[in-house]
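The following pair of complexes shares a single chain, chain A, combined with chain B in the former and chain C in the latter.
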Partner chain A sequence: MAAIASTPRMRCLYIFNRDGVCLHYHVWLRPLTTLSPHQDQKLMFGLLFSLKSFTAKMDPVGGNKGNLGAPNLPGQGCSFHSFRTNTYKLSFMESPSGIKLILITDPRMGDLRDALKYIYSNIYVEYVVKNPLYTPGQPFKCELFNATLDQYVKTLQ
Partner chain B sequence: MPGGGREVAESCVDSLNLELVATYCKRLHPNKPELAARRIEAIGYQVGLQLAERYTKERPRFADHLEAIKFICKDFWAEVFRKQVDNLKTNHRGVFVLQDNKFRWLTRISVDSAPPGEAAQMDVNAAANASRASQAAGQYLYFPCGLIRGALTNLGVACAVSAEVSTLPACSFVVRVKV
Partner chain C sequence: MAATVYNLFVINKSGGLIFYKDYGTHGRLDTNDSLRLASLWHSMHAISSQLSPVGGCTGIELLEADTFDLHCFQSLTGTKIFVTTESGTPGMENMLRLIYELYTDYVLKNPFYEVEMPIRCELWDLNLAQLVRKDGKAGLTGR
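Our next item is the complex of A and B:
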């Protein structure tokens, strides 16, 4: 008897580097695409760049504000983690080296910060950064990365 | 571990290995892969010589060649790669094949998957990817070949070592003992 596959709650994943190059775009479910991939990625990067500087400037507590454009140390500035609309939730994480991970999911998903940390340190660093065949700064589509990511995402749903 | 027990992070060894191959094969000798291979293997030879000294400090001499090869498969491999060789074959005439089904330095190599095409093409793509990955992986085996050759030479077994990659991350090392 074939098992009925549940609709995946993960929609897509973007990985950008510090310069705005989209290193990886992974899609599980995306029924509606209105823009070309290039425009879509530029839009996403621009949105997050503005949101990050906006939240840092509007921080009512003041304190340590990061420099505009430079990657923040963990805990520096007031970076946002996610926003939710009625059809999707966008979660965001930036590593100290400027690698930005953006995860678009079903709006009912909980806090995904730990998942993003896991994806960065155990999947991206292990299978992309340490891959001898990868040149840093270039887009990648490594098979091992894809396979491990798909497997991990199944445990989140 | 004998000595003061100082340790080094494994990612340092991984990165050093990566850079070793990248420097010799791409920067210094891009048009002479044979020369790059010999240079990397020579470095491995020196390291293997010294590692064999360290790891056999407390042991008595080896009775014959087979004992020395078994030492490489078990203790030496366990010290350097934290696992043992999975399979050892010999033709009893001086040729030994050491097979490692999950060679530690090859576990992270993967090539970019081709853009999704028709279902019929997927198998062809998968096979092509696997062969490209195996070819690229060959460069990362020069250093381990030198390691084995250096260790065995210091234990009294003069030999020549070569490596083959079948499907990542499994690989095999062929040791030919010189008589």
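Our next item is the complex of A and C:
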């Protein structure tokens, strides 16, 4: 029982910028990899893009929604915050500047909206954006970011 | 809490829309949009299972959007039934199973129904309307 309770529930984290460049890809536990990381990231961004235009069109509340696939700025139109399959749960957050954070976890994880907000504002902004050596829009490798992220994610188990 | 079902879609194994119904005035879609959304959902469902970090993934079961929830049920033969509801509606998995039961009883067992073709069966319409209305009133729980 103890072994089951301590199995990590995090699978991986993706960070994309508004152009679809994968700034960061972090893996904690991924037993199955069918695609190369690059292919996988492209497919993930494509899925999020289409899901967003899907939810924007499906939105039962908003009035004028335009055509399916009409471009929406970050924050415009009805977006989504998570989906769940039988093997994983994907939580999604988009910042006003179009930075997308995607956290893949075990399907039994609860609501991770606050966790994503925390990762964005207290880890990504603090350790990556405020790093003077970081060029915006470029993939990053930042030790302090990884260490803090690992530490924070452990509290989410 | 008054639970509301906004739309119901049934898509065949190749992604074609074979049944669409909207309930109430919210989220009404025109025919072309419902067809497009159905086939878009079919492909995203397939992609989501390709991206799984663990083997044996069968695709999205629940999508939580800002203003609605989408619950999807996939049968073993690849037919998908999905409904959009108000956010946080409980007991939809059960209801989707009941809808699938109605589909097998009143659509698949209908001798005049051609498999994978649009559904036009009076009894299915009738029973489905009853189920959705009843569950909507009962708050979709306790079944």
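As a convention for this text, the second predicted complex is superposed on the first by the 138 of 157 C-alpha atoms of A that agree within 3 Å, B and C clash if a C-alpha of one lies under 4 Å from a C-alpha of the other, contacts with A are read in each partner's own complex, and residues count from 1 in each chain.
Going forward, a residue touches a chain if its C-beta (ideal position, glycine included) is under 8 Å from a C-beta of that chain, and two chains touch if they have at least 3 such contacts.
As the structure is a prediction and not an experimental result, all values here were calculated from the model.
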Side-by-side fit of chain B and chain C on chain A, or clash: fit
Touching partner for A:46 - first (chain B), second (chain C), both, neither: second
Quick check on the superposed pair: does A:142 touch chain B, chain C, both, or neither? Answer first, second, both or neither. first
By the touch definition at the top of the document, which applies to A:152: first (chain B), second (chain C), both, or neither? neither
For A:25, select first, second, both or neither according to whether it touches chain B, chain C, the two together, or no partner. neither
So in the superposed three-chain picture, is A:118 touching just chain B, just chain C, both, or none of them (first/second/both/neither)? neither
Could you say whether A:34 touches chain B, chain C, both of them, or neither, answering first, second, both or neither? second
Please determine whether it is chain B or chain C that touches the greater number of chain A residues. C
Answer with first, second, both or neither: which of chain B and chain C does A:86 touch in the superposed model? second
Should A:131 be classified as contacting the first partner (chain B), the second (chain C), both, or neither? first
Smallest inter-chain Cα gap (chain B/chain C, superposed on A) in whole Å equals 20
Chain A residues within the chain C interface of the complex: 11-12, 29-35, 40, 43-44, 46-47, 50-51, 53-55, 57-62, 68, 78-88, 90, 104
Interfacial residue positions of chain B with respect to chain A in the complex: 11, 14-15, 17-18, 21-22, 108-113, 129, 133, 136, 140
Contacting residues of chain A [partner chain B, same complex]: 126-127, 130-133, 140-146
Could you list, by residue number, the parts of chain C that touch chain A in their complex? 6-7, 26-27, 29, 33, 36-37, 40-41, 43-44, 47-68, 70, 84
